[in-house]
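Across the two complexes that follow, subunit A remains constant while its partner is subunit B and subsequently subunit C.
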Partner chain A sequence: MFKQTPAVSSGWGERITAHLPVVILAGVLALAGIARLQQIFNWQIEWLLVLSDGMSNFSAVFLGIFIEAAPYLLLGTLASGLVEVFFSPEELVRLVPRSRFLAVGLGGLLGLFFPVCECGSIPLARRLMRKGVPVPVGIAFLLAAPVINPIVIASTFAAFGNTPIFWLRFALTLLIAVGVGLLFLFETDMSQIIRPMNADLAPSFHLDFGHDHHPNEQSPSLKQKFKKVLLIASDEFFEMGRFLVVGALLAALMQTFVPQTWLLSLGQGPILSVIVLTLLAVLLSVCSTVDSFIALAFSSTFSTGAVLAFLVYGPMVDIKATLMYLRVFRRKTVVILIVLPWLLTLVASAAINLWVR
Partner chain B sequence: MKPRRFERVVVITIVLLVAVLAGLALITFQIGLSNPQVIFAGEAGWIGGRGPVELQFQQDMERSSVESRLSFEPGWKGTWRWVDDRTIRFFPDLTLGEGTSLKLILGQGARSRDGRVLRQAYMVNLRIRPASLVFLNDPLVSTELVWMNPLTNEHQLLTNSGGRVFDFAVSPDGEKIIYSRINLRDGTDLILINRDGTGEKVLVECGEFACIEPTWTPDSRFVAYTRYESGLTASLMEGIGKIYVVDVETGSSNLLFNNPGLFGSLPVFSPDGSAVSFYDIGEQAIRLVNLLDGSSSIIPSRVAGRGSWSPDGHTLLVADWDGEAAIPRSNLFRLDLESRSVSRFFEETFEVLDVSLPAWSPDGKLVVCAVQTQSRQEGKQLWLFDNQGQPLVQITNEPRMNYSSYQWSPDGKRVVFQQVNLGQPDDLPKILIWQRENQQIETLFENGAFPQWMP
Partner chain C sequence: MALRVGRSFQALLMALLGLFLLSRIWSGDILLYINQRFVVLVFLAGLAFVILAQVLYAERVSSQNEEESTKSFSKSNLWWLSIPILIGFLVPARPLSPTAVANRGISIDAPLSARIEDTSDLLSLSPTERTVLDWIRLFSFSENQQQFVGQPVDVTGFVFSDGRLSETQFMVGRFTITCCVADATALGMIVEYPQAAVLKQLGWVRVQGKLDLLERDGRMLPVILAESVEAVAPPAQPYLFP
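For the complex of A and B:
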């Protein structure tokens, strides 16, 4: 039914993810072993005691991040499979408005139909771009979908109610996502943006049925189509899942061994507080569906703008999402996707701190 | 290699955004923190002798940066407490005398959470307004609350209840009055009004129950009261009540203690609000409860009455039958709350037949008390004692009259009290005032009772 196609040469992101898990796993096992020895022999060495505590925290944080994100990754890959099987590139392109500006704006709102967090939006965005949706539209979707979707709207409302923070979170996310998407209209050569494997739409497998390849063949049954959806989803889940595991490991390490209290103690002032909470959002790597409740805890000690920055930037960029971006985009693009939303978030949030209370 | 168009656009955008961010940082530095605002309940600049002084900011504040920079000139000891991140209130330890001028200062450097800094010290001049009086008018027939300026004798009705006011309490900050009003079911409800009688609000509806004996917490936020459950008249005869506390801001009312089997009446809070004393009917004793840790102790007293706290909160005076006397007589006992020791308040040579609960002067150095010394047929007379029970002055000396409901003015220079003619039961009660400086007594109001100072 489908045939294997040769894999495209591995890039930097892939090399990293090929070796990082081994390195990190070895490191974690070594640390866990030392911590366990400390417990057995009751060595009263301060750094060993800290390490011993840290390891149990680390495993709890890692599992927390992974378990929280995995269902959404699965949802995203399923959505990606559905798009692949049920929509032809022509159909998708037809749905995109002719006006490029309108198309990018629509990309920012597409999340309303795909309730996924950042882990799920990446494979879905990749699939959409593969199927012919313009890259700027895909990028607007990628950045906005983790926030502008029904689940996150509901959870943000549950945490903040009908307050300025609730409305500003969505307005700001949309503005930044569309703004960054529009910037990508200046790029005419999409191979400069996305990695070759994705740019030339070369998948690791190729479906042997479709809408345009063999028009005379009999269309597959619905059962076959759903089987294909599951095959694509599982393949993509394990492909992206590697990045999720590595991202979650890194985030857990950072959370365990970089003291958050120290970071938070830096966070005063209309601009510094925003910087601190954006860094914390990256560090915590919390799924956008639950980050409102964490932000609520910060709202008593941080300015409105800083809390808003946490809610806007965190879903766009965090440790695990960054590693997954590396699977889809060129390194230069990933840097742009990290820096531009960060600066836009800083400017908007600092302005809110200064002029809106 | 020449940068491509997209790369140039991205770099320009990043440079622009960094420039805007730098501009915002510059603006932040220049804007600074807006001056806070002092909230006055009445005329600007005038506050009560016990505050409140309330400061409101336009931004959420870094609390410690404000607390460490707030001061009064001359000094006024007390506690600053945050209402929320933008509002802070001062609760003084001591009451200031009327006419006192002082300056509230917030030093430069106070910071908001968003990083704005107060660039110049903020100062505001304050004056303590003259204390006025509130009492019951026509207490035997149609009772209403009356406000009076004791300097000019100017007075006016505060309530229009159809003569159904039962008892009342003025808040320590002088901004509110709570009173009990007899309802159509012969119970009493608790009503809250502003110091000028406006803003009437039914705080607690009690139906057929009698909610009376209101008493304020020192921070003027809560009112404790006794709820008698079998109607006004019968309940007071039986004396079985339960103590509730109501939040005057939200109106939520609950039992003061989570013990439905605890019966009590006549609650009084300690000056710092950390303890409450009340008459425990079951134990026939004054029960003292530490509200911070829930611990309690009892001071046996067969005379159902309140305890009287010294202003420093270290001493509680209670009345009880004097068991060592040959003929039954009541006496005053001093409970030292630090050493937990009990002793007679009056010196041995001062003969007492009956005594009412004393009133401490605001500085805690003097005590006024109504005492019966000569004959049981005579009324109780007012005496001034030092805080060791040594008699200093007999304020009244009219055996036909009985004196009660005495209270020191917030500045400690005057005592207002009530006079009833024992020989002429039809005579109306009077409100009188004693000037400590010249020891003169003058009548303030005919047909009034239960006067209380309103700072």
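For the complex of A and C:
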């Protein structure tokens, strides 16, 4: 029952992830066991003390990120389940404006109605695109929703107040999200952008009793519909949750072993400071609902453009989001989604540093 | 059959995840991981996980009649999610240890809000009740910093000293958590203490003394003129929440 059928394991990602979790699990448990023995017997051996201390800091950071993000991921997958069960593709497509430019622009603002952070926006964006919402609209939503939503607007205002950074954060995010979304208008073949639906999601999706297949059957009761929402949500939680786990593991590893002070001492110039803070945003992988408070801590030592870049790029791309992107999109698309917003952020922030201040 | 086992395993993990979150909230250890303002959200998520586990477990039976039960269920997804559960249950909940300062650095002034904050809450606290964070906030947002000179100070934190300080100085620091431990930032106040050199680096101390001002790089900073510095056990809640 543990074997994977060849049809299921498509692509390098699948092959690696098939056995990796068990290996990582064993490794983490072994290290945790050694660290625990050190604590119990109080061995005063230097490398053991370092290991024990590192292990406890590592697990604190890892669990911190995971516990913080899990509720938001669950919210996103529940929203995705609701869209799947209660909207037919025809209804959804009818809601999208005819004008493509208008549609992409609205995609960027859709986050105002779905207040989710990056963990939640990815499952929802994928669901919308699979249900027939044009890919450019979905991508604009994906990139903008973690910032352009009521919760993040409130928290950014609480941190920065009515300052240029507050307004620029939303303007720049919308601009980049819509710009990158419009770029995808040129690619008409959706299968070149999005990975096909994988079979390991199949169990609950195959039910599919909302609309087309069985027109003669009675429509399912509300109770059945809600049950299906919950099943889809839990399947997607497990599917996306593993990227949250890997992302949190990597972020915790780097936070335990790569000194932030080293990174922060690297750059203070108008361009270098922007690069450093975008890198830090990727490394920290904090949720967009709170990153403005963290950005404040940098605002005394870093340029305005760099802080803005942290606030704009961080919610679009970080370790866990990148891994989730790899699940949803083809690799070429993921590279575009990572590099293009970064370049745009860099240009805009460096321009602000060089000419506006 | 495969699906049935997969569903049961999925239900088990969901239940464990929910129970883990709820048990950490019950014991109060949740505050070693996240800021208190997220506890309600995590509580709701914990309940939701337990309910989802129930739904998934019920599905284990009903789904075996359906055609898709021949499809193999991806186990690797499930193994990934067992990592946080096992780490959570097996590694004892301990706060971020002060050794992390070496990686994260320490700040003497975090402008925790760019806006001028209302400091009346902090001013109404008796000076000896203010924490390191309260003092730094008061200093960032008060117009008249002279008013604090000579006030009694009684703060607890870990000892941190680096090359920027003289031999008779050390910093008393605390971690502040805005969201979760991943964003932990160390905040410190400079303490003037003749025997600073003999203090154990990163050990926890209670510092009592009087507040004074110190000019450094053209800025006025708060400094504690210590009257007594005693080693204490780490506090039960080592973080400060802005």
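The working rule: the second predicted complex is superposed on the first by the 304 of 357 C-alpha atoms of A that agree within 3 Å, B and C clash if a C-alpha of one lies under 4 Å from a C-alpha of the other, contacts with A are read in each partner's own complex, and residues count from 1 in each chain.
Definition applied: a contact is a pair of C-beta atoms (placed from the backbone, for glycine too) under 8 Å apart; a residue touches a chain by one contact, two chains touch by 3 or more.
Just so it is clear, the structure is predicted and the values come from calculations on it, not from any experiment.
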| item | value |
| --- | --- |
| Of subunit B and subunit C, the chain that contacts the larger number of subunit A residues | C |
| Subunit B versus subunit C as contact partner of A:59, first or second or both or neither | second |
| Which of subunit B and subunit C A:234 touches, first, second, both or neither | second |
| Partner chain(s) touched by A:294 [first = subunit B, second = subunit C, both, neither] | second |
| Partner chain(s) touched by A:256 [first = subunit B, second = subunit C, both, neither] | second |
| Shared subunit A surface residues [contacts with subunit B and with subunit C] | 300 |
| Touching residues (chain side subunit A, partner subunit C) in the complex | 1-5, 8, 17-22, 24-25, 28-29, 32, 35-36, 39, 53, 55-57, 59-68, 70-71, 74, 158-161, 163, 199-200, 202-203, 206-207, 227, 230-231, 233-234, 237-239, 241-242, 245-246, 248-249, 251-252, 255-261, 264, 284-287, 289-291, 293-294, 296-297, 299-300 |
| Contact footprint of subunit A on subunit C as seen in their complex | 1-3, 5-7, 10, 13-14, 17, 21, 24, 30, 32-35, 38, 41-42, 44-45, 48-49, 51-52, 55-56, 59, 63, 66-69, 71-84, 86-88, 90-97, 99-100, 102-105, 107, 109-115, 178-185, 242 |
| Of subunit A, residues touching subunit B in the complex | 183-184, 186-189, 192, 268-273, 300-303, 305, 336, 339-340, 343-344, 346-347, 350-351, 353-354, 357 |
| Touching residues on subunit B, where the partner in the complex is subunit A | 4-6, 9-10, 13-14, 17-18, 20-21, 24-25, 27-28, 31, 58-60, 62, 85, 111, 113-116 |
